[in-house]
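Next come two complexes built around subunit A: one with subunit B, the other with subunit C.
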Partner chain A sequence: MKQIPDKDIIIFKSCLITVEYPGIESSTKYVFDKLGIEYKILEDQTCCTGLGHYSDVFDQFTTSVLGARNFSLAKKYNQKHFVMMCATCYAINKKVANILNNKSEVREDINEIFKESNLEHLTYEKGDIDSTKNLFHVVDILYKKKDELSKHIKYDLSDFKIATHHGCHYCKVHYDDTIGGYRNPQILDELVEACGCETIGFYDFKRTTCGSGFRQRYANKDLSMDVTKDKLQSLKEDNVDILVHLCPNCHVQFDRYQNYIDDDCKTIHLNIAQFIAIAMGADFNKVIGAKAHTVPIESILTDLKEVE
Partner chain B sequence: MSDNKSDLKIGVFICKCGGNISETIDLEALKASLNVEVIEEFENLCSLNGRKIIRDGILNKNLDRVVIAACSPISHEKTFQDYVQPLNAYYMDMANIREQCSWVHDDNEKATAKAINIVNASIEKVKEAHAVDPIIIHASDKVAVIGGGISGMNAALSLAKQGNKVTLIEQSPSIGGHMAKIGKVFSPVKIAEECGMCLLNPILNEVVWNDNIEIITNAKVISSEKRSGTFNLVIEKSPRYVNPERCISCGKCAEACSKEVPNSWNDNLSMRKAIYKPFSQAYPEAYVVDMENCDKCGDCLRACPMRAIKLKGEKEKFPISVGSVIIATGHKLFDPNLRPEYGYDRYEDVITQSELGRIMGVNGPTKGKLEKLSNGEVPKRVVMIQCVGSRDEKPEGHLYCSRVCCMVALKNANIIKHKYPNTDVVICYTDIRTPGMFEKYYKHGQANGIRFIRGRPGEIVKKGDNLVVRTENTLKRQFEEIEADMVVLSTAMEPSEGTKEIAKIMDVGTTEDSFIKEAHPKIKPIATDVKGTFVCGTAHDPKDITESIMQATAAASKVSEFVHNGIDIEPFIAEIIEEKCTVCGDCINFCKYKAMTMEDNQMVIDPMTCSGCGNCMTVCKQQAITINGNIDDKITATIDGMLEGKKDDERRILVFLDQIGYTAADNIGVNRLKYPESIHIIKVHSINRVRPSHMQHALENSADGIFIGEYPGDLMYDEVENKIERLRNRLERRGINRERIMFAKVYIPYFTGLANKLIAFDKEIAELEDKE
Partner chain C sequence: MKNSKSNNTYEIKIEDSPLSLAEDIINDIKFSKEKGLLKCVQCGMCTSTCPAAQHSNYNPRDMIERVLEGDKTILEDDDIWNCFYCYTCHSICPVGNSACEINQILKQISISEGKADEKLKPFLGFADSYYSMAIGAIPSNFFEEISEDVPGWWDFRMKLEDIREELGLGTISPPQEVVDEVSTLLDKCGFKKCIDKIREADE
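So, the complex of A and B:
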């Protein structure tokens, strides 16, 4: 397995998380603190362009310029690893690193732009950031510390029916870097199990996309909702209480649209960092950010019992 | 005969070639330019009359060396090597004044001048020649065939019938391979399915009865060492714990055994005992103990009336020496769990084609009755999914098509349709690939009511009691959900573990998919990159039984060529000077042809494998390697001969080509294309033999340019390219323009390309001279 760091980490801020579910960021920090992982969060970081890129607003070149700008922070703060909370930031940044390292013409054009703009300190040099060695998703870091999780668990969530939803941009874009399989991804299931719970394992439509498809959610709404509905129906049939996510975009698609698609469906949606933070006893308002959720998490998570 | 080079008596014999040469080249002028003992010309030197002229010249004038100024050595070198007897064959050289002179130049005067240079070069070359004898190696008639499936058995049988001694080595307790368990096999011509075992059994029996074949089961090759065309293999044989000489296959031991384990021969669909016989026609006809699952209770021992069982035993290692090896180690099937979306481990009624073959085999777990594994009912709808693991670009899948799965699915579908006409059979395919006569089989299947949907299913789920196959029907462009009560996965063929292991042990090249790689995909589809080692069957790539048998018999033929004719080897190969060699082993890794080995504290060069490229000589710190035939000096002499008498306003470019490049250059002449008279071609055994010092010598002795042509498929290509780059840098420091050396790719069929490159290079050199 690839080398996973537990220090020199920059947690890469995500627009969707900041705007939609800030509790994912605070939960990530909470869990990282418990596990003794050293990290920084930077105010001078830019958006990865993901949503705009996949909606054809930003082309690959613009995305790569912004990526190079963000990567320059590694040198500035002397922290060489970026850890993404969002699967789309993860996939986008990995692709940009590969382009910057392997396509010298693009790299030179970008550096030329920095030069013309008097931003030479942003200059990207080949190999500054390695897609595999320096760019991670939060789940990668948690996976490395999986065996230490149990020490910090306060609440036993094993009575709930738990299922997992693995984001496409984590599993299906950079196969070689994906931990836990990509055809039948298991990383979230394994992390949930490390908290002393069991997931329902395979369920119908487990491998299916959330349906958001970025602009599809707006441009082809019926198709987008149909896809989401397939999975929601399956979760309903299996009486799933908690669906565990690793991508805020999937999270939005399910949590915000669940009542719209089928208000009979009672599943709540938690990011893996939120799930672990809850199990570790984090405050619902201050850390988990429960109020940002459309499907109220307190509707399921009541009377938590402490582990013996 | 004299040893002093200046005293050597040389004869030059010039061929008019029926005007082909004499109409362009002024032979009188050529003859006038020569200062040798004998000069003769003749209409057709290659005729028997020509032979008389040459032989008389040699005998009457006591000639020491001979130059034949005629056509290309590629056409007639063997002829003239024979005609110069009793002179040593390598005391003769051919000056190619036809393909590379009279056929490529129009200006008689210039062509004649160049012909003089070519003949001069040959004269200087033969002066440096040493007498060497061709090396003929006779391979032993003992052959090892590794793998006792349908390919290995056929190869062994064919070899044995030709009188060779064969050792057939099989890893499992019985020969027979996959074909033994396949059940029915497809036959496109009869449009019918036939009993596989009925076809296999006679072959198996013949193998068993043939006195020239020794069968070693429960055994594998664990090491291999090659020496002068002999392979020393070490075989490790695992104990059987049952003496096959005594065992009468009564089966009382298995009755007594209380330990039940899944029967792998039935794809684990039934149980067998820890003491068992793999299948009823198995050979050796004896039971075997599966020691991993045996608890050594001794029940079998007490039940055996023949006292054939002994529960102690050690692995036994022994060496065998053979002249050639046939690799027939076969394939395994793709693990369906690597496609978790198909739920092979979640749903009992999702099975593989191999398991379906067992279920429908009369000697299988259900005695041939098609049953669902979950409840024993006959399925109402069977859906087959093609390309599971094949044509799959995602990691863990294979890019290639496994070639037989369309036919396998059609076969099993036809059998189901025949026996259970009410069962609906749907095949979900990517493309149906039924080449040749198999297309008729496909139509036959359609007529039988098999349904086809073009689309690769995304997943299989269970809804209630039924499986649901989700797929896109790509012809209708619509999403479909097919309810089924049995789903059959057509899994890819991939190289068996044994195939991967033997490739490492024998140092045989493999493809990116880990199949054994052939020496050349078009013209040497059976040889491997290790001389004397051949491949057949599915160890080579996915193929069906018919093709496996064809390749197995072809492999046997190739071995026979080896055994009966010996191998005639060009004598210009490397030799170790034992007194100087310190056995450091540095040369082993530098030899791209894998010709070097260390044996008994001694370096050994396999003459059959050595190409004479000379790479080892350059890395040997002790200078303990030499190459027969004085090649270095011959190349220098040829260069000097080519450059002799060069005038100031004249341009001479030396072109070095090996067999491939030289053939391409000949083709320019054969097709009467033109290139400048400045081009002088020198044939070398291996491009790597042209050393930097040779090139430097030429450039410092009035050569205007050097053109090196190399076939990119040559193992030494990269090496030569790097070497030339280094030489260019060195020459630059000595004030010689780096552009004077050209390195180009050459291909035999692309002779027009070579002609254009020669023309362009001549032009570049001319421009360079103008500038300087």
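So, the complex of A and C:
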């Protein structure tokens, strides 16, 4: 398995987490702190462009210019690794690193733009950031520490029926780097199990996209909701209480639109960092960010019992 | 190309290079599969696992066939706009092709030829929000519809700053000098020109 760091980490901020589910960021920090993972969060990092990129507005070159600028922050802050909370940030940044390292003409064009803009300190040199060795998703870091999770667990969540939704841009884009498989993805199931719970494992449409489809949610809403409904129906048939996510865009699609699609679905939606933080005893308002959720997490998570 | 048999019984004339579209794709900055496109055997695995194909007329296998035939009408085919960018096809292709990347590249060609302004217009807010805040979350032109579809969402958004403060998180946008820096880069790399062109065509 790839080498996974527990220090020299920059947590890469996500636009959707910032404005839709800020509790994912605070929960990630909370869990990393408990596990002794050293990290920085930078105010001068900008968005990966992902939503605009996959709505076809930001072309690959533009996305790569802004990506190279973000990568320059590793040197500036003397850190080696970026850890993404969002599956699309993860896929975008890995793609940009591969382009910058392997397509020398593109790298030279981008460095020329930095020079023309009097921003030569942003210059990218081949190999500055390696897609596999320096770019990770939060789940990768948690996976490395999964055997240490149990000693921090305060609440027993094993009575809830739990399923997992693995974001496509974590599993399927750079699939050679995906931990836990991408045809039958398991990493979230293994992390939930490390908290003393079981998941329902495989279910119909487990591998299917959330249905946001970036532009589809807005320009082609019926198509988008049809795809989401496939998965929701399956979760409903299995009476799932909690769907565990690793991507804020999937999270928006399910939590915001669940009742729009089917008022009868009662599943709540938690990012894996929120799930673990809850199991560790984190406060719903000060850490988990419960107020951001459309399907109230308190509708399922009441009277939590402590681990015996 | 002219190809005459010695007895002059027939003549084949192909006006264009049928692989020129495929070559453009292979040479595109985004394409990561090198010769994967040329290895396509039309097995249809992409289409059989595609969520858009299950729910609409989009057919990635057919898209690849047309690319390999040099059929440029694919650039104006409305169905290619139904792809979800879920990369399922990309992850399962037995010959290592990526219909998903090719779909994105076809759209960028279509955009650069000025054929897709209507498709981009609803999403130009992503450019605006990058220029104003250096983040690219959901553009404000969608807020009204989201508010109608998602009860409570607008109330939450109104309280976002307070909620973030309670969570001990920093500001939503990076400092102004960072926003200015990325705006300069967006201007220099030709992004602004593309966006302005689409807006001007609309006026």
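As a working rule, the second predicted complex is superposed on the first by the 308 of 308 C-alpha atoms of A that agree within 3 Å, B and C clash if a C-alpha of one lies under 4 Å from a C-alpha of the other, contacts with A are read in each partner's own complex, and residues count from 1 in each chain.
Please note the rule applied: a residue touches a chain if its C-beta (ideal position, glycine included) is under 8 Å from a C-beta of that chain, and two chains touch if they have at least 3 such contacts.
Since we're looking at a predicted model, the values are computed, not measured.
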Partner chain in contact with A:Y77 - subunit B first, subunit C second, else both or neither: neither
Which of subunit B and subunit C A:Y175 touches, first, second, both or neither: both
Partner chain in contact with A:R183 - subunit B first, subunit C second, else both or neither: both
Touching partner for A:F202 - first (subunit B), second (subunit C), both, neither: first
Touched subunit A residues, subunit B compared with subunit C: C
Contacts of A:C47 with subunit B and subunit C, given as first, second, both or neither: second
Footprint overlap on subunit A, where subunit B in one structure and subunit C in the other make contact: 175, 182-183, 207
Complex interface listing, subunit B residues touching subunit A: 338-341, 343, 346, 394-396, 459, 461, 463
Parts of subunit C lying in touch with subunit A, wherever the complex brings them together: 28-30, 32, 51-52, 54-56, 81-88, 90-92, 104, 107-108, 111, 116, 119-120, 122-124, 126-127, 130, 134-138, 142, 145-146, 149-153, 156-157, 159-160, 163-164, 166-172, 174-175, 178, 181-182, 184-186, 188-191, 194-195
In the complex with subunit C, residue positions of subunit A that touch it: 15-16, 18-20, 22-23, 25-26, 41, 43-52, 54-62, 64-66, 69, 91, 95, 98-99, 103, 106, 113-114, 116-117, 119, 168-169, 171-173, 175, 182-183, 207-209, 211-216, 218-220, 223, 226-227, 230, 256-257, 259-260, 285-287, 289, 291-292, 294
Complex contacts: residues of subunit A adjacent to subunit B: 175-176, 181-184, 202, 204-205, 207
